[in-house]
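Order as written gives the chain letters A, B, C and D; numbering starts at 1 within each chain.
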Amino acid sequence: MRADVQRFGLIDPGDVTGLRNAIERGSIKPREIVAVIGKTHGNGLVNDYTRGYLMMSLSQLIGGHTGGSAQSVCERVPFIFSGGVEGVLSPHYAVFTVSPDEGKADGQSLAVGVAFTPPLLPEDVGRQKQIDLTAAAVAEAMSRAGIASAADVHFVQVKGPAFTLADIVEAGGRGRSCATDNSGKLMAFGRAASALGVAKTLGEIDPARADESAVLKDFDAYSSVASVSAGVEIRTNEVVVVGTSASWTGPLTIGHASMSDPLDIGSVVQLARDLGFTAEPQIPTHQAARVRAAFVKCEAPRDGMVRGKAHTMLNDGDMDQQRHIRGAVGAIVASVLNDTALFVSGGAEHQGPDKGGMIAVIAEKPGAGAADAR
Amino acid sequence: MRADVQRFGLIDPGDVTGLRNAIERGSIKPREIVAVIGKTHGNGLVNDYTRGYLMMSLSQLIGGHTGGSAQSVCERVPFIFSGGVEGVLSPHYAVFTVSPDEGKADGQSLAVGVAFTPPLLPEDVGRQKQIDLTAAAVAEAMSRAGIASAADVHFVQVKGPAFTLADIVEAGGRGRSCATDNSGKLMAFGRAASALGVAKTLGEIDPARADESAVLKDFDAYSSVASVSAGVEIRTNEVVVVGTSASWTGPLTIGHASMSDPLDIGSVVQLARDLGFTAEPQIPTHQAARVRAAFVKCEAPRDGMVRGKAHTMLNDGDMDQQRHIRGAVGAIVASVLNDTALFVSGGAEHQGPDKGGMIAVIAEKPGAGAADAR
Amino acid sequence: MRADVQRFGLIDPGDVTGLRNAIERGSIKPREIVAVIGKTHGNGLVNDYTRGYLMMSLSQLIGGHTGGSAQSVCERVPFIFSGGVEGVLSPHYAVFTVSPDEGKADGQSLAVGVAFTPPLLPEDVGRQKQIDLTAAAVAEAMSRAGIASAADVHFVQVKGPAFTLADIVEAGGRGRSCATDNSGKLMAFGRAASALGVAKTLGEIDPARADESAVLKDFDAYSSVASVSAGVEIRTNEVVVVGTSASWTGPLTIGHASMSDPLDIGSVVQLARDLGFTAEPQIPTHQAARVRAAFVKCEAPRDGMVRGKAHTMLNDGDMDQQRHIRGAVGAIVASVLNDTALFVSGGAEHQGPDKGGMIAVIAEKPGAGAADAR
Amino acid sequence: MRADVQRFGLIDPGDVTGLRNAIERGSIKPREIVAVIGKTHGNGLVNDYTRGYLMMSLSQLIGGHTGGSAQSVCERVPFIFSGGVEGVLSPHYAVFTVSPDEGKADGQSLAVGVAFTPPLLPEDVGRQKQIDLTAAAVAEAMSRAGIASAADVHFVQVKGPAFTLADIVEAGGRGRSCATDNSGKLMAFGRAASALGVAKTLGEIDPARADESAVLKDFDAYSSVASVSAGVEIRTNEVVVVGTSASWTGPLTIGHASMSDPLDIGSVVQLARDLGFTAEPQIPTHQAARVRAAFVKCEAPRDGMVRGKAHTMLNDGDMDQQRHIRGAVGAIVASVLNDTALFVSGGAEHQGPDKGGMIAVIAEKPGAGAADAR
């Protein structure tokens, strides 16, 4: 098998020109699409409808080509969109495809697998059920990707459900208590539980720590490759596992790094160099086309400090902390990668070290020479 | 003469503990304070009252020690505050002092001079009058600083008046038309005209281009050392010229660079290296204490693009473009300087190249060994 | 002919359950839908994508029933959505249908007609072309509605195109200058020009005043029945004329009033009484079901004052003036009508008297007894 | 004794022209000021520094006249400022004075008393300690006001401390757990506990219900006259009790009403009529000068519904729920009182019935004829 990743800019969340053109010119076969991950224009919070809008737009486009309904496309393909392109960031979506390839494998190449949990109710979010179902879905996706070792997994993207106040109230009416009655905070619970599920399956933490009691409490328990978002437009946890495998072919590879705090530019530069780029500290323009996609999780440090000085992100009533931190860390990563179409997502609970987060970059292998083919 | 710069963190805009303690322990003599430049907690837009609050707090503290009224302190000392500490940025203020020094000068050292224009009315903002009065004030401040050559000027901070809608309406009632009836846009006019005034005096542009007709139009006309803010709390243009001079002494120096666009991290790294830091790309912690203050201007590119990809800053109705760009560029600079107490200000009209901006850093000379004295 | 109006609540902009159920139970025939007007969850500004999302959702639902593509539905049916449900307001959409009715007319009944202008470019917005094309479309819609006299027109809803910064830049690239290079301000120009077009056709102003030079300047020139919105999701001016006619049948009627300023609750109460409600000042719950839809335009007074005291709406950098004024005037109207599913739209340039705006209410005629049929 | 209340508009939070002029022309004697209650320009959330700014400005003005330091004025006079003047609301402050009066009392007149609790720590907020200390302070203030019966108390304004994230973290460092680690939510805990304290002292609830366990849970336990705000600028609960007493003189009186939900305009109209105004529904302009001050508490209904239809206030990530509800309820009250300088505060936990809130109006008695004296 051979995995490919193509990124398209997004004028507005109803605009699917990029993928449509790629399909029409034959560079993407709709049936080979296995996942789409992207950043949309909204605020990334509960009332962000740009994610659902893009999901509707893309699923209809793909369904129109593959013959199924938009609904059936959504049941097969994870559409994982995160809102919020603060600062220099640019709205876009990355389309993952898997095609048969009879060529001979040459070392490790990019490998992708997907899986879904059963539907989750508001009262399941942040609870043991979400941890365990996510852990199982990660194992299933790894197996589908043919990735044998957890060490070869570099990125696990999870998208789980968010619920509005009305949903939380409705759960209460059924006699079920949610982890919190604050809809934004419930998104954090969901991200946290899902990340613990990833960490459990990949052996990053002792399985006993992947416990409901650790959610949003034991921040030393984390996954260094998990990236979790939540949105009102879905009801299951969708899981995309990305790594490398010697049984896959193609010009792409992936690497990842932990960021120890929002200013940890050194880890980003080192990752770029590990992937064969000349980053001094910025990847030069002629190399930058080799970057196929990048995924970043980050958070506003809970103790109110960055490098010993106070930040204001957690006291700001006008601008959510996630908009602050995405804009800041996104700019730092963009300044290294020389690329602004980055998937940067706030809320890194149990995703990378506390205060920091993670970054994964999919790139063409040095000398693979595919960049100019696009 | 000998110039010093000390920075203090700011818990809230009424908190002047840092300066009070410095005065009480004798490390700052109140009468030697010649300027204060800082970043406060507000949004940096018209309805940002944190600037006025800090000005009131500091002028009373200083007045209490020097004997004059707060008002008289404000007439002598420019208090230049810019609101907006998005992302990793940290609220703070830098106190500039000048003291007699009979020591022998050893090469170039930091030199500072200040001046004020007469009061400006709403209808003067963005007009020839503001250009010319600012140009004259820059010349006056240079002269006071004893800086002979424009090449030795590395930073000119200007703070001019902002006006609310009520002020603009009032001007109309007097039969005077303002450059625009939008209060936020009028701030941009004022920054632009002031920057052209700086560029004229420093010989950065042909004097004929420092014309009202160039304001917010001829963006190739700019100053590479001007940084201009506006706020409702003042009525004159306050000017602080900072450079180096062989007739001053002390351990400090200053350098500056143009940033060609928001991702121009290379210029920041190069400036750090020029100042003697090991920036790979981040200044290591043990060197970072040598940074005394840093000043950055930046802007959201007007053509809606960063490195060929669309940004959303200028279409966002929820979060002002200045909050976006300050958070982004501030984070990039912080990641290099290993410091978050940076003066980062949006609205770089005619301040640095179009799309980009400027950065100036005041630091201890390498080996000056003063960092540990604080 | 017989016109009907049914309103449906909106969980999110992809939710069309209300209309789907109505179609499935036969209370709405999809081919009889002539217009949909609604309020969505977004901010109502340039980056509000909830309008386009709902348009896509509804046009696909209708197209699925009538056989055409979503695109063809949009070319036939105006979908006029305005974002922003601040405060007590509730997201919803009102579906206008017209059905043949061989019954005998009994006095004046609700009459509806629609029309579209040709596509408009960014440089056409706020210009004479938009005034004149809108004026012509209003005449065409009146004719289709069979409304003979302008005095019988109580509401003209217009939705015109908004353009992003990228569109404005693109126009500049073609050598065409837009009325402003600020995307939000361009929406205001478009609303203003469209309103002047309405006023011209209805004879509310001397035709000579419906001139480009009056746009956003001559605020004494206004239409008392025009309500204009703008959004990035459309490219023509869509026009819906609503009034009464003796040649139509059915239980519905419509009335309108001018509001002289944001606090003019008296006009709202009087309109409710004119429509047969007991408003003391609030319509009692048992009568409130007779309200079928209500449309309000309002604005933050440009002189910064409401009843002689300063408001802060025009100086607020955190929250757009439109969010302020919609929340305020919407609440006042809701408190009288005992209904929160109101179409309240900011930006009342030339729509109702300066400082104020307009209100139109569609209701069952007293004693028509249809309320309980729904 | 004789109580007076004078209101002044506020250009910015450093502007105290109104009170200064009143002092200079002798209409207010600085030593007779017993409390100041006002609305400032900020967002009313944790990062609102306009409250502290106005407190500093006013305390210095008063201290300059009475001889004490600003600090000593703050220890004697409660300065209770709430941020947020959304929509039509106007920034202002109401100055309460008490002067000796040897005149003969003529029925009930306005009576005022103040008290302070000891300082509260972050971990005290929302806890039994805050309930009990507030209850004691209310009793003390009533006693000072000479109000014998709880039935004569119409308004109890409390302002308590808010704490930033840094304060909460610091408490944790001392081994003390706060009621929540969310700084905004902690403000809600403080308002709730304080309101229960008021209700206890006034006998509005069984004393057993004024228990920590009821805070933000037992919403049937409430005070119909309590209005509580919180801000980072103070450290104690400041209490102002306002009612009527036969042992006071003067032209003023006060009334109050509960609002059952945000649309309960009927209660506002009835209160206006009870105070002798002709409200049909709006107080006519010639009577409106008799309104001396008005105080409103309101909240976004927790179940997400207003009159059976969904509101969006609790799901909005761009605009805080308090900004939504203040703008809405403030406009409704303003439309009745014909006055926009209203103290409208969100967060009505245990202050008035659940979903609703309270309103108190200080006005000249009908025929008292003082309005034109100002």
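Simple rule for what comes next: a contact is a pair of C-beta atoms (placed from the backbone, for glycine too) under 8 Å apart; a residue touches a chain by one contact, two chains touch by 3 or more.
The shown structure was predicted, so the numbers you read here are calculated from the model rather than taken from an experiment.
Interface comparison, C-D versus B-C: the higher number of contacting C-beta pairs is recorded for C-D. Distance between Cα centroids is largest for the pairing of subunit D with A.
With centres defined as mean CA coordinates, subunit D is found 39 Å away from subunit C. With centres defined as mean CA coordinates, subunit C is found 47 Å away from subunit B. Residue positions of subunit C touching 2 or more other chains, listed in rising order: 11, 41, 43, 47, 166, 310, 312, 318-319.
Subunit D meets subunit B in the complex at residues 11-14, 41-42, 47, 49-50, 52-53, 56-57, 60, 166, 232-233, 318-319.
Chain contact summary for the complex, subunit A toward subunit B: residues 9, 11, 41, 43, 85-92, 262-263, 265-266, 269, 280-282, 306-307, 309-313, 318-319, 323-325, 327-332, 334-336, 338-341. Every residue of subunit D that touches subunit A in the complex is listed here, in rising order: 43-48, 164-166, 169, 182-185, 302-304, 310, 312, 314-318, 320.
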